[in-house]
Amino acid sequence: MDILVVNPNTTAGMTAKIGAAAAAVAAPGTRIIAVNPETGPASIEGWVDGALAVPGLLQEIARGEARGVAGHVIACFDDTGLDAARSLAAAPVVGIGEAGFHVASLLAGRFSVVTTLARSIPVIEANLLRYGLAGRCARVRASEIPVLELERPGSDAEARISAEIAAALAEDRAEAIVLGCAGMADLAARLSARHGVPVIDGVAAAVTLVEGLARLGLRTAKTGGYAAPRPKPYAGAVFAPT
Amino acid sequence: MDILVVNPNTTAGMTAKIGAAAAAVAAPGTRIIAVNPETGPASIEGWVDGALAVPGLLQEIARGEARGVAGHVIACFDDTGLDAARSLAAAPVVGIGEAGFHVASLLAGRFSVVTTLARSIPVIEANLLRYGLAGRCARVRASEIPVLELERPGSDAEARISAEIAAALAEDRAEAIVLGCAGMADLAARLSARHGVPVIDGVAAAVTLVEGLARLGLRTAKTGGYAAPRPKPYAGAVFAPT
Amino acid sequence: MDILVVNPNTTAGMTAKIGAAAAAVAAPGTRIIAVNPETGPASIEGWVDGALAVPGLLQEIARGEARGVAGHVIACFDDTGLDAARSLAAAPVVGIGEAGFHVASLLAGRFSVVTTLARSIPVIEANLLRYGLAGRCARVRASEIPVLELERPGSDAEARISAEIAAALAEDRAEAIVLGCAGMADLAARLSARHGVPVIDGVAAAVTLVEGLARLGLRTAKTGGYAAPRPKPYAGAVFAPT
Amino acid sequence: MDILVVNPNTTAGMTAKIGAAAAAVAAPGTRIIAVNPETGPASIEGWVDGALAVPGLLQEIARGEARGVAGHVIACFDDTGLDAARSLAAAPVVGIGEAGFHVASLLAGRFSVVTTLARSIPVIEANLLRYGLAGRCARVRASEIPVLELERPGSDAEARISAEIAAALAEDRAEAIVLGCAGMADLAARLSARHGVPVIDGVAAAVTLVEGLARLGLRTAKTGGYAAPRPKPYAGAVFAPT
Amino acid sequence: MDILVVNPNTTAGMTAKIGAAAAAVAAPGTRIIAVNPETGPASIEGWVDGALAVPGLLQEIARGEARGVAGHVIACFDDTGLDAARSLAAAPVVGIGEAGFHVASLLAGRFSVVTTLARSIPVIEANLLRYGLAGRCARVRASEIPVLELERPGSDAEARISAEIAAALAEDRAEAIVLGCAGMADLAARLSARHGVPVIDGVAAAVTLVEGLARLGLRTAKTGGYAAPRPKPYAGAVFAPT
Amino acid sequence: MDILVVNPNTTAGMTAKIGAAAAAVAAPGTRIIAVNPETGPASIEGWVDGALAVPGLLQEIARGEARGVAGHVIACFDDTGLDAARSLAAAPVVGIGEAGFHVASLLAGRFSVVTTLARSIPVIEANLLRYGLAGRCARVRASEIPVLELERPGSDAEARISAEIAAALAEDRAEAIVLGCAGMADLAARLSARHGVPVIDGVAAAVTLVEGLARLGLRTAKTGGYAAPRPKPYAGAVFAPT
């Protein structure tokens, strides 16, 4: 099966890294198609970046649907444009943030999130509240590492994330950690070994969840809030659904 | 003072109607500047339309900031792009959905919402949960009137909305009604008189709230989730914040 | 229009100060009528004081209704007697506590409250829960300044409140501050400038909100919990509604 | 031990009936002292009546404390003035509403309340939310019987309450019923037998709970919200705490 | 990999049916080991049956751990003994109830559950509350079909479940359905086709989730509530962990 | 009346101590029958111990019913097997955890729990959420004293519990303390005197509550989740309900 993994920002190097992380966990027979939009911000750090990434993201989702992919992954921890993507797709769509939260809930009673910048905390908290999983999350912590700094060789990102994990275990009564950025996908195994708790990478979690949904033949609901858009003019938009 | 009222869809006739409703309630000395984006859907009915309206909406917010408006109103009941708009603006920004909910909470213990299509119910419910006011809302009801049908002379929209209000009073124990679409702004007073309960139009509520915030010299918080976007490339976007 | 501002305690000096703060923000054409009850406690610090202030407060609300005021403000941060006042009034009634919370919710994702004594924290938390806005409030903090100490020239009240604001910004991830006592009305602008975040005074917020409701012709709901009292004997009461 | 049972309204006949119901369930050695305030409404139906009953109620609580009662019961289902009474008392204070909710929670997973007038529903719902037990209550139902009609021989009150109970069992998935007025104390056993579910009278529940607290030597907390009032002037109040 | 699927009741025929359903969805290379305890109730209908099934269930989990299975599924929709099983296991453990809820949350904004007997509704509702997903579930509906009736050829179970699904779509605004019993595993595809919405079988969902967790190398958290039991005597127990 | 007090672990010395604590608070005429199961763990520390204690516990409940006790107490702070016990009993059943929470809610606005080991915190938090009283509990604190260490003469348990109480008062804004283990029953009065706040022992609270329910003639609901088990085979179980 083909799984579309959309990195919603426009940094191709990050798309490649996410694609590799996805491919590394994909089941035999799954082909990962990693893409990013042609338009939009180079990284998603806060509400404005997220909003401006969505039209290009939706275009990629529509292209994926057209080529018949079995499922879609939205590879930003903010689950950017998730509801709109579901409205557009018949195949299942999973965001890496929700994937991390759901998987953590199956392994531990209580988890903390370690993300990039403090300005992303309210975005993540809003998602947790919406999904119902806020009560399972002890705390969303910011490492204050900008997204693209995670891509820079020689950065001290891993050490700073590791320090936040240590703080989460000492102060939050967290039993598992969810890494709060697609750019942290390569760190999960090493940090889990170091700290002795499950450390969950959302990219791996989302690829695995969407593969599973697809294998079960499950599709996105189409009768309520995720009904397909009604036909209408979309003047001058980067993308129009019809 | 100047108040920017952005109708986030691209239907100019609806912008004019909303502008007139806003001007009708504005205080002496307030100038209403009613605009709509150059790009995006002709009406906002569900998650996809909402997402595709945001870049154009943000452009209008940025233009308003540049010309020094005292405040912004987002005139779609889904509060489309509200968080992103706040991140972009120093002046206060009020959505007509939240305005309706907050004002209803000051007048009644419990209210119901009457909106257009059922597909908008989850959008509105997500907002109510986020704002904290879900417990004050007895029920979000759909009249199944498409947004632009509200603009069509001779439609039976008012009768159908009135029937939903009657149902809300009989079944929901609602003490007040919030009209769930900017296109219903002209109906509030008549429906309130007919049903003997407060019927709140979000456009009027939002204009009044934002005028008040501006008069008090209050500005949007800039130190957390609403911090200004960080400088970065926004490839090919309809709008870039910097 | 006439707006009645009731200071629910019996300290005339505080009534004058609140009245001045209200007049300073009132729109042109609004007349502020600042009163306090003839009976009741000299300050409201906790549940007992609040309860004993209500009959006199309701008498003032009834007098205001009789003289046809356009709206009422209850100028104690505990929103003393708010539900009963709404049951008595046809004009809108706004408490300064709820006004502060609603306004903060329009400017920031998350706010902290700085009030007077710790014994008032449970009163304020109960209100936040009731209004639905507890999830928006990071923390209610006590400065341990008695209410009337705020009136004493030469007190160090401002310094202590400022220190609590600094703590709220450092520890609570608060993006805005709500001042938790009518007697702090004169400090908001200065503290906002010093700390670089919105600092909201409930008196100003409530006057502005109730002016807005009145201008929109909105009235308190009368069909549910806020229905007018049923006629009956009120033996020897400070005030009887009929 | 002496238990003070305060009927917060001024209808002596109802006080006598409540006193008899309390005495009927009191343990051997308990003396029930049933009183009502000298001032206030003849019945409590809604927010205004409740507020105007409190000063007289607090005076009775203070008198009870002065004579050294072992505990206090507030015999209105709205738990009128409960927080203020606790601030005034060192002995435990139990409201008949909360008593009914707590007892029902020990017997059943889910209960409904049958009260008098619809205007009392928001008062009761606010209490349930405050106490944390809203999730245990399926629905608060009004029988639309005025409080004093319960005292009138020949009224059809019992039949109407019984019909509401039947509806609660059929529609609410209620497993137990809480009777929502002190004036219904004599009906509980008969209605329980008729409907085959626990039917709880708050007066009996509260007397039993407060006796138990007293026997265990437990007293009201005095270090937070229930700290004793600070000394201050209470101009012309029906009652002053000091 | 080996996945242990424990049917917690002692009805071997149902174990076989569940095992077949699990094998039908397992990935190539997964071996399903379907077992049931040697002791306990023939079906799980309510709190007592659930409690009495747990010791035998834990014994099976311990045996599975000893033989090195990659993951465990608890195949009762009540998620019987889930927390205890997690404390016992290092491999991941997934209940079919939680699996159904999490999967439904990835496909739809809002789902209803159709289970067997009404007495199971409170068990399922308690789980939904605990997991955080109560807000995503519109309603838990009982078809009033006993568990083992699902195994009886010629029963009208499917028709009754189908009727409940129709009711859920018409009355609950449900966008997806979760089947609330392991014995309904064979009905999901047909009911989904008939009603045009996702219909989720928990057995398939849980097998797929636990395979995914195992493939990602994720293990149950061991540092908090799911820490291994402390060594101690377990007098005469069906099963002792050490 | 006879009250059955079941210590759900198999440590007879602890049963004797609990029985003595229960008898010390029982009303004249109440006979305390303190028992423990014949099978199960020596102490309950976490999910597995709790689950393995339940069959033996249910057998004791059934024996108590057979001999006609007026009520049952489950004397483990985790309220082990409470729902199943209620399904089995017609007499009222009260757990010492819930008893502590309900009683604390009648005395204080906000309480903290001091329990034994950290692994019990999630069990207690799950109960608080289920009962609705999580919002009343400031924090569940672990003293890290194993259950049976409380029985050892010369242990420093009291000093460590006292230190946690001091921390709760300083850091949690707790107004009352609930002791989180049946083995702490003898410490409550002394710790209350030392710290000047109500300190509640669950054994005393539960005995008093269940006596009260019994005296009022109230019985466990039998029409919903607590309906008696349906007849069926229970192969080889420690206990079978029929």
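A few comments on the model shown:
Each chain carries a letter (A, B, C, D, E and F) given by its place in the written order, and its residues are counted from 1.
Note that in this section a residue touches a chain if its C-beta (ideal position, glycine included) is under 8 Å from a C-beta of that chain, and two chains touch if they have at least 3 such contacts.
The shown structure was predicted, so the numbers you read here are calculated from the model rather than taken from an experiment.
Looking at chain B and chain C, the chains that touch each of them are A, D.
The chain pair A-F and the chain pair E-F differ in C-beta contact count, and the higher one is E-F.
Across the assembly, the mean Cα position most removed from that of chain E is the one of C.
Ranked by how far their CA centres sit from the centre of chain D, the chains are topped by A.
The centroid of the Cα atoms in chain B and the matching centroid in chain D are 43 Å apart.
The mean-CA centres of chain C and chain D are about 29 angstrom from one another, to the nearest whole unit. In whole angstrom, the spacing between the mean C-alpha positions of chain B and chain F is 52. Residue positions of chain B touching 2 or more other chains, listed in rising order: 109-110, 118, 121-122, 129, 135, 173, 224-226.
Every pair of chains meeting the contact definition is listed here: A-B, A-C, A-E, A-F, B-C, B-D, B-E, C-D, C-F, D-E, D-F, E-F. Residues of chain D touching chain B in their complex: 118, 121-122, 129. Only residues 25, 27-28, 92, 94, 98, 102-103, 105-110, 131-136, 169, 173, 175-176, 189, 196-198, 200, 204-205, 208-209, 211-213, 215-226 of chain C touch chain B when the two sit together in their complex. Within the complex formed with chain D, the chain B residues making contact are 109-110, 135, 173.
Within the complex, the chain C residues that touch chain D are 10, 38-43, 45-52, 54-56, 58, 81, 83-84, 86-88, 118-119, 121-123, 126, 129-130, 146, 224-227, 229-230, 232-241.
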